[in-house]
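Note that chain A is present in both complexes that follow, paired respectively with chain B and with chain C.
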Partner chain A sequence: MNELIFFVNKALISGFVIGSIYALGAIGVTLVFGILRFAHFAHGDLMTVGAFVAYVLAAAAAAAGVTAPVPLAVVVLPAVIVVTAVMALGLDRAFYRPLRRAGSPGVVLVMASIGVTLMLQGLIRLFAGPRSREMYFTEPKDIFRIDIPGAASKIVVTEPQLILFVFTLVAVVALHWFLSRSRLGKAMRAVSDNPDLARITGISIETVVRATWIIGGGLAAIAGTMLSLDVTLKPDLSFNILLPIFAATIVGGIGQPYGAIAGGFLVGFSETLAVFNWSVLLRPIARFTDGAFEVPAKLAFVPTEYKLMVPFIILVIVLIWRPTGIFKGRVL
Partner chain B sequence: MALLEIRDLTAGYGVMTILKGVNLSLEEGEIGVIVGPNGAGKSTTLKAVFGLNTITGGQILFDGEDITGTPPERLASRRIAFVPQEANVFTTMTVHENLEMGAYARRSDISAVLDHVYSVFPPLKAKRNQPAGELSGGQRQMVAFGRALMIEPRLLLLDEPTAGLSPLFMSEIFDRIIAINKTGVSVAMVEQNAKQALAIAHKGFVLANGMNSFTGTGAELLADEDVARSFLGG
Partner chain C sequence: MANYRRDIILFAFLAALFAVVFATQGTAYSLRLTVEATCYAVIALGLSLQWGTAGLFNVGVMGFIAAGAFTSVLITYPVNDAFWAGDGPALLGFTALKAAIGVLAIWAARQTRRFGFPAWLANLLTLVALAVTFLVVSADLDIAANVIEKEAEWVGGFGLPVFLGWAAAGVVAGVIAWFVGKICLGLRSDYLAIATLGIAQIIKTLLKNADWLTHGTLTVSPLPWPVAGAAETGFETARATYLALTATLLVIVYLLLERAWHAPWGRMMRAIRDNEDAAASMGKDVNRRRLEIFVFGSMLMGTGGAALIHFNTIFDPSGFIDLNHTFLVWVMVILGGAGNNRGAIFGALFVYVVWTMSEPLSLAFFGQVRDLGQAWFGWVAPDDLDSRAISMRVFVIGLTIALVLRYAPQGVLPERLSRKG
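Moving on, here comes the complex of A and B:
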């Protein structure tokens, strides 16, 4: 029983946490690709920027004497979403739109987004320095321990993790409603499906592009803030998870928002299950079989240091089995 | 005043000029058919009306207003609809969503016009929740037409509406075009099946090498020996 709880804590909960972060990031990447047809490499840093905006606003709120039962970064999150979405629009206006207008091919925009990545990272370090920061100002990180009858250990969930679950659920449901019910959401799918026909039917591509950046930027703000609450805030917070996010996007089927969600969780769970020490679960079985086999002290698929290669193994496996990704995306 | 008036239009794609002075005039309520050999600039003419290529000279007037080079997304609200020859449905969206997108430019209640389109194309109602990409070629063409009708167009531009369809379905499409025209919609179409198309046309325009070579009523063009010899296969 204790071993199972250990499994829930170390594999399921952390898989869900990192899967949610990947999913929120991958939705943005996949929407940008679906509408603008380029891989937006600066998306990770958009998440980091969102987290720093949350830090600044939460610090300001703390200085103003605001107290709340949840972390202040969560209280200011609506404002963070707005600021980050505006920044995403600004990046588009300043760097991507001129290239789009000039009819540049997608690869030029990809290169431009790498430039934007470097610029954002430089700006963050310029203003905030390279050190890590705590996102908690007025209160410590709450940790909930849930008793399971008949077991000594407890299921452990932290407050930001719970909030992340809620936000991810709300974001996914809202996105589904938006894409399947709203006029603008359907127009977005139409532009992704066939941009020329969309224009012919009267859909303004620029309106859809703006909506794309607002949604992508808003979700990046949520993901970045939640990630920084779960770990700590540092300038390379989300750049480090950019590659898994792209793996999740491609695994899910590029341009497919539901695929991005599925891909995010698939990659997230794969990572935590791959580095999980399975001997914890095997040991009771070994005891039960009266020591018929020996269980090594550590038995994981890959050592923790090699965690970053797991998304790519998943990527290769899925693409061999289904070259267009789980949800049959359009790879160019 | 003509509903659609094209004056001395020169247009093409990028630096390539295809139209070298095309004139076309269509009155409200008419069917105009553009015929001619491959590469004559028939589709280019329609696309130029819809702002889909580069116009280098001339003028396009719709209902007396200059619409030369107006971006396509602004034309839907003027109730001009265009059915391209290829990729004319949103394949990943359902039939119903395709029709809804057709009415994107109008913000009013669309249930009446939706009912009307379903009554014109009954097979679509049964398939309303199926992705358009899963339909047969003929049914897709119905979706494309239905999508265009959702704006309740005054002018309907059709680029080779019968391309790739079986002869049986071809005459059905022509019947539908006549029926749509009877409801007051003016139609400008490009067609490879010149004889059938001219038979339903009020006006016919023969293009060759990016210029008008013959213009007249459909019947006149069908009776003209030169036209018959050069373009209608004798």
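Moving on, here comes the complex of A and C:
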């Protein structure tokens, strides 16, 4: 029983947490990929920027003497979403729109987004330095321990993890409602499916593009803030989180927001299950069978330091067998 | 006769720049700078071949450089007798044997379809074979790695001549490129970008963590030189001979690429880049040609990386960073002019000098800011200001990429279009 709870703590909960983060990032990437038709490499840094905005605002709130039952970064989150979305719009206007207008091929936009990545990275480190920070100021980091009858150890959930669950749920439901009910959401799906056809039916491409950046930027802000609340605020998130997010996007099918959510959780769970030490679960079975086989001390599919290989392998498998992704997106 | 005025002006400017560097920075330091710049020029030619000639988007340059550099280290580093005397070689041999059997089993599982097995069963068998092979080989490798690290620290090298190492560096980088290209080249270029980014990170992680094979973060040094080292002939002569070697390499690569560019092969490549459908309808095998050029370009990166690492005489996996080894090369190529080999060489030499010189300049600038801020406003600078000053250069690289793409997408030496016919 204790082993099972260890499994829930170490594999399921952390898989869900990292899966939510990937899903929130991948929705933005898949929308940009589907509507603007290029792989947005600066998305990881957009998340970091969001987290830093949250840090600054929360620090200001703490200095002003604001107290709240939840972490201050969560209190200021609406403002963070607005600031990050505006920033995403600004990046589009300054760097991507001129290239789009000039009729540059998609590859040039990808490269421009790499330029933007480097600029954001440089700015973040210039102002914040290379060290990592705590996102908590006055408030303690609450930890909930849930008793399971008949077991000595407890299921452990931290406060930011709970808030992340709630936010992911709300974001997914809201996105579903927006894409399936609202006029703008339907227009976005139409542009993603066929931009020329959408334009001649009178859909304003600029409005759709703007909505894409606002949604992508807002979700990136949530993901970045929640990730740094759960762990710490690090300035060098970008490339390490980019590969799993792209893998999630492609697994889910490009231009498919629901696919991105599924892909995010798939990649997140694969990562945690691949590095999980399965000996913990095998040991009680070995006890039960009276030592019929010996359990090694460490039995994981992938050593922790090679965690990055998991999303890459998923990516390669999908590209070989089903480049459209599980939800039948496009191969652009 | 084509008009070469622009080329002459730019290269004269470059010569003047190098003259200034030699005059102000001392010969030994300037020679080092020049050698590294020529190595970067070889790498930039590889990227220019991929991007300029075929439009392939490779953001994993670092991975190919690192793979090439490590291969060369393995081939040329002196033999580690403790490893060969111990159990390591036998264990590794058995692991290789098991891996070979596993590959055979996977191949056999794929072939079962020929005997009337349904597709899902063949796929299932393949997956099972893959999983079993992976688990067995990784467990074996783990044991072998532990034994080797205990007995001999790491496997050491083969002690072969450096030229062989450089050649092998190109071959290994090419083999990796073949696998990546085989998977991604049939799809849109964005996929290649994502996959190369991933493979570069993974190669770096492998080199950093596989202590038994690469000595990991403990680094390997001193690496042998292909020419007489500083101990025998003195600093300046040694560096000058090394420069002669890399410059010769650069010239040979350049001449070969020019030949290929003007040959029917180069024309076909540009046709594929400019209009894939038209080229395919003329009977060109688009994906195969792209794979060819991707492999060739990566081979140049591998060899260039090996030349670079041997010059510095130390192999440190953490020393490979995206900024210096991928994006700097990109700036060189797009600033110099994609699809023009002279442009790539100019970009490489020019950008490398500016890049190297900008480090002391930015440190000095930020030091000035710190002093003035303290004197005028009583501002206390953070302790890590120096590392922040370095990150300013990251910003500048990003800004350069964005600005060049917007305002001068052709670079300073644009591709020459043939006006014949």
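Heads up, the rule we're going with is that the second predicted complex is superposed on the first by the 326 of 332 C-alpha atoms of A that agree within 3 Å, B and C clash if a C-alpha of one lies under 4 Å from a C-alpha of the other, contacts with A are read in each partner's own complex, and residues count from 1 in each chain.
As a working rule, contacts are C-beta pairs under 8 Å (C-beta built on N, C-alpha and C of every residue); 3 or more make two chains touch, one makes a residue touch a chain.
Please read these numbers as outputs of a predicted model, since none were measured by experiment.
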Contacts of A:G106 with chain B and chain C, given as first, second, both or neither
second
Residues of chain A touched, compared between chain B and chain C (which is higher):
C
Applying the touch criterion given at the start, work out whether A:T201 contacts chain B, chain C, both or neither, answering first, second, both or neither.
first
On the A-aligned overlay, A:S279 touches which partner chain: chain B = first, chain C = second, or both, or neither?
neither
Once chain A of both complexes is superposed, is A:T324 in touch with chain B (first), chain C (second), both, or neither?
neither
Touching partner for A:S153 - first (chain B), second (chain C), both, neither
neither
So which positions on chain A get touched by both chain B and chain C?
none
Given the complex, residues on chain A that touch chain B span 183, 186-187, 189-190, 192-194, 196-205
Under the touch definition given earlier, write down the residues of chain C that touch chain A in their complex.
55, 57, 59, 134-135, 183-184, 187-191, 193-195, 197-199, 201-202, 205-206, 208-209, 322-323, 327, 330, 334, 382, 384, 387-388, 391-402, 405-406, 409
In the complex, chain B residues that touch chain A:
50, 52, 71-77, 81-82, 84, 87-93, 97, 100-102, 104-105, 147, 151
The chain A residues in contact with chain C across the complex are 33, 38-39, 41, 95, 98-99, 102, 104, 106-108, 110-112, 114-123, 125-127, 129-131, 239-240, 242-243, 246, 250, 301, 303, 305-306, 308-309, 311-312, 315-316, 319-320, 323, 331-332
